[in-house]
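Take a look at the structures below.
Next come two complexes, and both contain chain A; in the first it sits with chain B, in the second with chain C.
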Partner chain A sequence: MTNIQSNAVVAETEGPVAPVEPETPKAKARPAWRSLNFGPRLWVSVGIILVITLLAFVGPLFYPYGPDQKVGSIYDSPSAEHILGTENFGYDVIAVLMASTRNSLINGLLAGTLATFIGVLIGILAGYVGGWLEEALMGITNIVLAIPAIVILILISISLQSTNIPFLKGIAGLALVIGITSWPWTARAVRAQASSVATREHIDVAKLSGARTPGILVFDVLPYLASYVVMAWVLQLASAILAESTLSMLGLGVSGTNSLGMQLHWALAFQAVATGAWWAFLPPTIVLTLISFGFLYLQSSLDEVFNPRLRRGKKKNLAAAAKRREEAARKLAEQGDAVGVAA
Partner chain B sequence: MSDSIFESSSRRTFLKAAGLTVGGLALAACTGTQTPGGGATGGATANSEKKGIGNNGKVGTGRKGATADALLIAGFQWGPPATFNPLSPTAAWPAAANVMQIVYETPLRWNIATGEIMPGIAKEYKVDGTESITLTMQDGVTFSDGSACSAKDVVFSYELGKKNKGINVASFWQLADSMEATDDKTIVIKVNQKSKNVSNVLRMLTENYVLPQAVFSSIADDKLPTEVMAKPIGTGPFTLDKADQTQVVLKRSDAYWGKTFYGGTPVMSQIIHPIFKSNEDGNVKFQAGELDIMQQFVSQIWKMWEGGKPVGTYLKDKPYYLPGSMPMLLMNTTKKGLDNPAVRKAIATAIDYASIADTAMSGYTDVVQASLIMPTGAESKFFNKADAEANGWKYDAAAAEKLLTDAGGKKGSDGVYVVDGNRLGPYKLITPTGWTDWNASCEIIAKSLKAIGIDCATNFPQQAETTQAIQGGTFDLAVWYVSGVNPATPWARFKDIMSQSEMQPLGKTTFANYGRWKNDQVEAMLTEASQAVDDAAKKAAYDKLDALYRKEVPSCPIMYRPDEFYEYNATNFYNWPDENNSYAPPMFRGAGNTWMYKIQKIAG
Partner chain C sequence: MGLRRYLVSKTAWYLGALLVAVVLNFLLPRLIPGNPVDVIVSQLGRGGMSSEAQAAIYQQFLEQFGLDKPLWDQFWIYVTHALQGNLGLSFSFYPTPVSDLISQSLPFTLVLQIPAIILGWIIGNLLGAVAAYKGGSWDKSVFTTSLVFNSMPYYCLSIILLYGLAVVLGWFPPGGAYSLGNSPEWSWDFFSDALQYWWLPFLSLLLINIGGQAVGMRSMAIYELGSDYVNYSRSLGIGDRKMTGYIFRNAMLPQITGLALSIGTMVGGALITELVFNYPGMGTLLFSAISANDYPIVQAVTLIITVAVLVANYLVEVLYGFIDPRIRAAKSGEK
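Right, the complex of A and B next:
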């Protein structure tokens, strides 16, 4: 897939293809990944996500206070000892923030991966196999899409709170709920692409070679969708983190667990906004915004990497590409003239 | 790659979700930042002439529009009103038992500030030793439909408790042998000579409403608590105008019988109770002057008047509220593990009470003692501090674990103790959703229990669901209320927690001893306490009860709380009762109705 795509990349960026003399093979081929354009947007988004991940997973190892350690009273103001003060339970805001970010990221990872897996599985089956199976799977998908996801999320979350099954009451349970309610749009998009891939010649070749359907799906269809799946997964991660925050803010989060949404829930419940305790609600809001922004930016920049039509690049590269296209067009025109004269 | 589909579904969905979340946060931030500075009550000004105004000496300029003549109240109704049947355990405000004397009224009224029992529908009461109580009715008492309310209606109302054991008033008949209307205005109550509990009979007369015989006699006995009632008829100064899932609206009854007794009709033509989902929604409205008075927890309430709002409390300095109740951690002793007194004592010892007082309760309470007796106020004379400290408990996680290991407990691989073959958990700790201070207290309790190896998680259902679980005995752990300070406490509190006399089997509604704790000695001790004739004898009896309580720990108090949070906003009305203007107690039930007739409108 990478080679095919890299050829396409060349075609798109260089404009009309001029007939060229066959070149002698170079001693060493250029690595495939080098042809992908990792622009500055990608590095910015990766940087944001990396910083937040470090805050969540590495920060607690060095921070002197724990998220369950009472260090002050309700909404103590920021001080040298507690840079962002304390929240409503008297815990250090930074300690709680790190634990919350970690749990929110884990929740997003679990829920996003589950939603992407379900969406890709249903989409690829429906798109490749077609027929009644496609009708049935897409019918289910459309039904799930038609019901507002937030309603289902709230109802299932309330039910989960009443259950006595330990697994379902934790972060994993909430991630499961979010995952099984947010796959439909992935399934629809994957189905469309799988339908398109299914008509390509290499699929016929695979079938004639005796490949079985599961093998074709994994080795001949899925690679063509890989770039989309990666982007969908990134978006699902961010959506899952936002969904968890929404539920937790409504008081439907996981009992006794720190999360960005729970921090906001308690900040609202104990009137942090009204009493001017900005340090209780602003840090989780900013981290939540950064996570969403980082993942959206990453998805957007990955879109550029995988789709040459969206590629922006630096100005000087664009000018060079334009110059090469102009040169190629001129050569074509000259060849045309030469043919005409010869005729 | 079909980018168009990707672009139109996923990214848009993502942006929508992100927009909603950020928008919600921005809205919340805007709402909050608007109110402290100015907002709806930006016109509050200092006033030295008017009484009963904000703690900062400020008063508002009145409210305009449709609610100008209405009193807006909150903190009593948290879900769609299901029924206005006062005998239903889930009756809506103001029909719920002993909530507020607006539609229904009681024979007598309790004043928490003075400890007096004041006249209600009965203009006087006489106690004949421990033999009998005689009530004399006020003149011209009528129901809101115009029919007369006589002594027969009073007797009928209390005798309903004989017909159905599942209603609140049923417990009256363990305290009284008979109740008789000797004429249209006179009622004689014969006190039960086994219990001889006069103070508790009086308490029942301050808490149970008088109902119209003409209405309730047509309801089958077994349907008394379940009958759905949409149009309540009582003797009070207001009638139900409308009710839906957003509000309950009452309108003034100008034919009210008590105009002479109370010195006129209330100044407000309507009383509106908006139904909020949680404390914070109501608090925002209250701060903005869109509520006049409420009974709900406000974190750091002093920030409101420091921010210029004309908000007031009864006490002008901390703790701002009169302590009057003792919310308890109820433990269902029919559940495995919780049936062991050592485990219950370990639970009581594991709870970080100081954190609850300091953070969840915003400092409105002291750290609780290991006793069912309030260490302050009228009950303090019965409080045995030395014994509470010597044989009680206080927060000590290590001591709590030791209690478990001493009881033969061993920690499993999951970090949870197993005692006598019973894994301690998973226990669900419930309390109604939106009760902010209780919700936060539950989180602290759950964390405290987890820290010592008891598997506990919080769960906050709707109020009606919580009530059903507690009264039906299907809960594990619950934070719930018991008798606040009243004419019969602390005896009533011991009865609420320890008595088996009213206890119903699991699954059936019970109104006392929700934890279904059983003990052979306690009933005799309760009788001894109720029959004690002087304070010394009472103290001796309470000492025995409290010692048994500390040994068995059927439940444990988690905080001292005002019996009712009483806080007002002088935007539209002034002359609210406070410690400097103490014509009425800071309450809503009982004698708290006095302020309804005395507050005055600021404009118009």
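Right, the complex of A and C next:
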């Protein structure tokens, strides 16, 4: 189930297979990834994420105003000069939005990757090694899972606010906190898969040939989990970005930096909603929703790519498949005739 | 036998989780370098509090936490006080006991969250199952809408609803929980007034909970639809109505565990929703406590949230033990 390639092959071979005539060696074999069924959903989600990333990293190069450049007073309405007006400190909303999106994405990348790494490490160790180690690791995981993450996040970030270590006060510190609190989901999912991979024959072969446990984990177990790890990573990215904005909205973000949550925090603090200054709160809201939707949509479409049982045949594809089968059957029949004539 | 084993092990796990949560709640604030009381009191001093009140707080704190005693004793003091309902005194509303502030805001949170979680779960599961079963454009529209709501952060939907329905259209009052001049009391006037303010935050929580459950249920039901027993029963000519019943019940089981696992997230999201609507529940209390460095309140709110979520999870898991026949049938310990 975890093997991407075998799934792809299963998805490809349907109906009676005609004996393939030896083709002229004009084209190379289709690379494996081409046989993955990337649906339109995947491209939509990739498109959303790409646009937002461009906005965050390339946008500031072309935009005339900086995020720390005072260009007006509180909540100036949108004008030709400032398309989305100014926010509560008199900064240009678009400039702040781009800086915020960049910081949120960086934070998500750091925290999400860390969380995925810890989750995969714990899951794979527990699933493969088993025994008391599995019991202990999964015990810890289940306990951490039961305690609401937001509570631990709040408590740690409050403690962090009064530390004197500059590293922990910055974006990296926040990412670290989010990373070390959000791994349990991944660990659980990976453990289940790893323990099923651990019973396969090729693991025995690896053991017999003298491979060490770390080597087996990396070269013989991990590749079979690749699709799960990728999907978990995508989910972790989204949830890390949301966790950061939740904390920032509560006033526990990194003070003095821009982030989508911070923008909302200030918009709420300065009554943007009640005064109808939509340009101050709608842009970060929409970007956050798009980021979150993009990543979740990407995850669910990857799920359909890797897991054909979730996929539903589209009428167009079904018709094409039926045509292919018909063609194959016709070829078979023709060949049968040819053989018959020859005999 | 299987059921008893299941219940015992679940109880043990949740007691363990509770212990860890209480220890974290106690320990994390104490990781702050230096004496936490010094830090907090000096911050208060900047806020223009009289030195007399500062000294009183300092004394009260030293007594309450027993900061001169070893950590182990401090923990016992903390636990015994918490069990007696003594959660300390608030800094920002000195000398109001924290438990008073919490008992004012807890009811608002409860009337908002419990209906939103339960109704969201029921409606979401029905929608997801129907979408999976009907397929086609039904599936497409329900799935995409649910996914949008599911992926939307709670506060984003809240902000959009608040702006659209309350500020622009004026259908609902923009924030708060009751009209100015009204105060919480057991009267019909107050309830009918508060109900108008309740709708909007409730709706935004409900929509997101429905979305999350529908997405999960849909994929569960699609999985079930493709399984062998469904194909077999179909070939036997069993009617659609009966089949949906089977599929629904089988797809339901993981959703019950799913509910247990998502309660924590739902509660966390709802706290921020309150903040957006300025709804005077636990979330708003927590927010104002954080911005005022009112440490006893923060600690008490996080403790109560944790305990509530753990208890809710535990109840759902116990219920699951009674519902899933496999647990009753299991003779030996099965992971």
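FYI, the second predicted complex is superposed on the first by the 291 of 343 C-alpha atoms of A that agree within 3 Å, B and C clash if a C-alpha of one lies under 4 Å from a C-alpha of the other, contacts with A are read in each partner's own complex, and residues count from 1 in each chain.
Please note the rule applied: a residue touches a chain if its C-beta (ideal position, glycine included) is under 8 Å from a C-beta of that chain, and two chains touch if they have at least 3 such contacts.
Everything quoted here is computed from the prediction, not taken from an experiment.
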item: Fit or clash - chain C, chain B, common chain A; value: clash
item: First, second, both or neither for A:Thr246, with chain B first and chain C second; value: both
item: Partner chain(s) touched by A:Ile74 [first = chain B, second = chain C, both, neither]; value: first
item: Chain B versus chain C as contact partner of A:Tyr297, first or second or both or neither; value: second
item: Which superposed partner A:Ser196 touches (first chain B, second chain C, both, neither); value: first
item: Touched partner set for A:Ser255, first chain B, second chain C, both or neither; value: first
item: First, second, both or neither for A:Thr186, with chain B first and chain C second; value: first
item: First (chain B), second (chain C), both or neither touched by A:Val273; value: both
item: Contacts of A:Thr289 with chain B and chain C, given as first, second, both or neither; value: both
item: Which superposed partner A:Ala238 touches (first chain B, second chain C, both, neither); value: both
item: Against chain C, colliding segment of chain B, chosen among 241-249, 349-357 or 565-573; value: 241-249
item: Shared chain A contacts, counted only where both chain B and chain C touch the same residue; value: 162, 164, 238, 242, 245-246, 249, 251, 264, 268, 273-274, 276, 281, 285, 288-289, 292, 296, 303
item: Partner chain A, residues of chain B touching it in the complex; value: 1-3, 5-6, 9-11, 13-14, 17-18, 20-22, 24-25, 28-29, 31-33, 35-36, 278-280, 283-284, 287, 298-300, 303, 352, 355, 358-360, 362-363, 426, 428, 433-434, 436, 439-440, 443-444, 446-447, 450-451, 455, 457-461
item: Residues on chain A engaged by chain C in the complex (per definition of touch); value: 139, 142-143, 145-152, 154-156, 158-159, 162-164, 238, 242, 245-246, 249-252, 264, 268, 273-274, 276, 278, 281-282, 285-286, 288-289, 292-293, 295-297, 300, 303, 309-310, 312
item: Residues on chain A engaged by chain B in the complex (per definition of touch); value: 68, 70, 73-75, 88-90, 161-162, 164, 166, 169, 185-186, 188-189, 192-193, 196, 225, 227-228, 231-232, 235, 238-239, 242-243, 245-246, 249, 251, 255-256, 264, 266, 268-276, 281, 285, 288-289, 292, 296, 299, 303, 306-307
item: Sites on chain C touched by chain A in the complex; value: 13-14, 16-17, 20-21, 24-25, 28-29, 31-33, 39, 135, 139, 147-148, 150-153, 155-156, 159-160, 162-163, 167-168, 174-175, 215, 219, 222-223, 226, 261, 264-265, 267-269, 271-272, 275-276, 286-287, 290-291, 295, 298-299, 302, 305-306, 309-310, 313
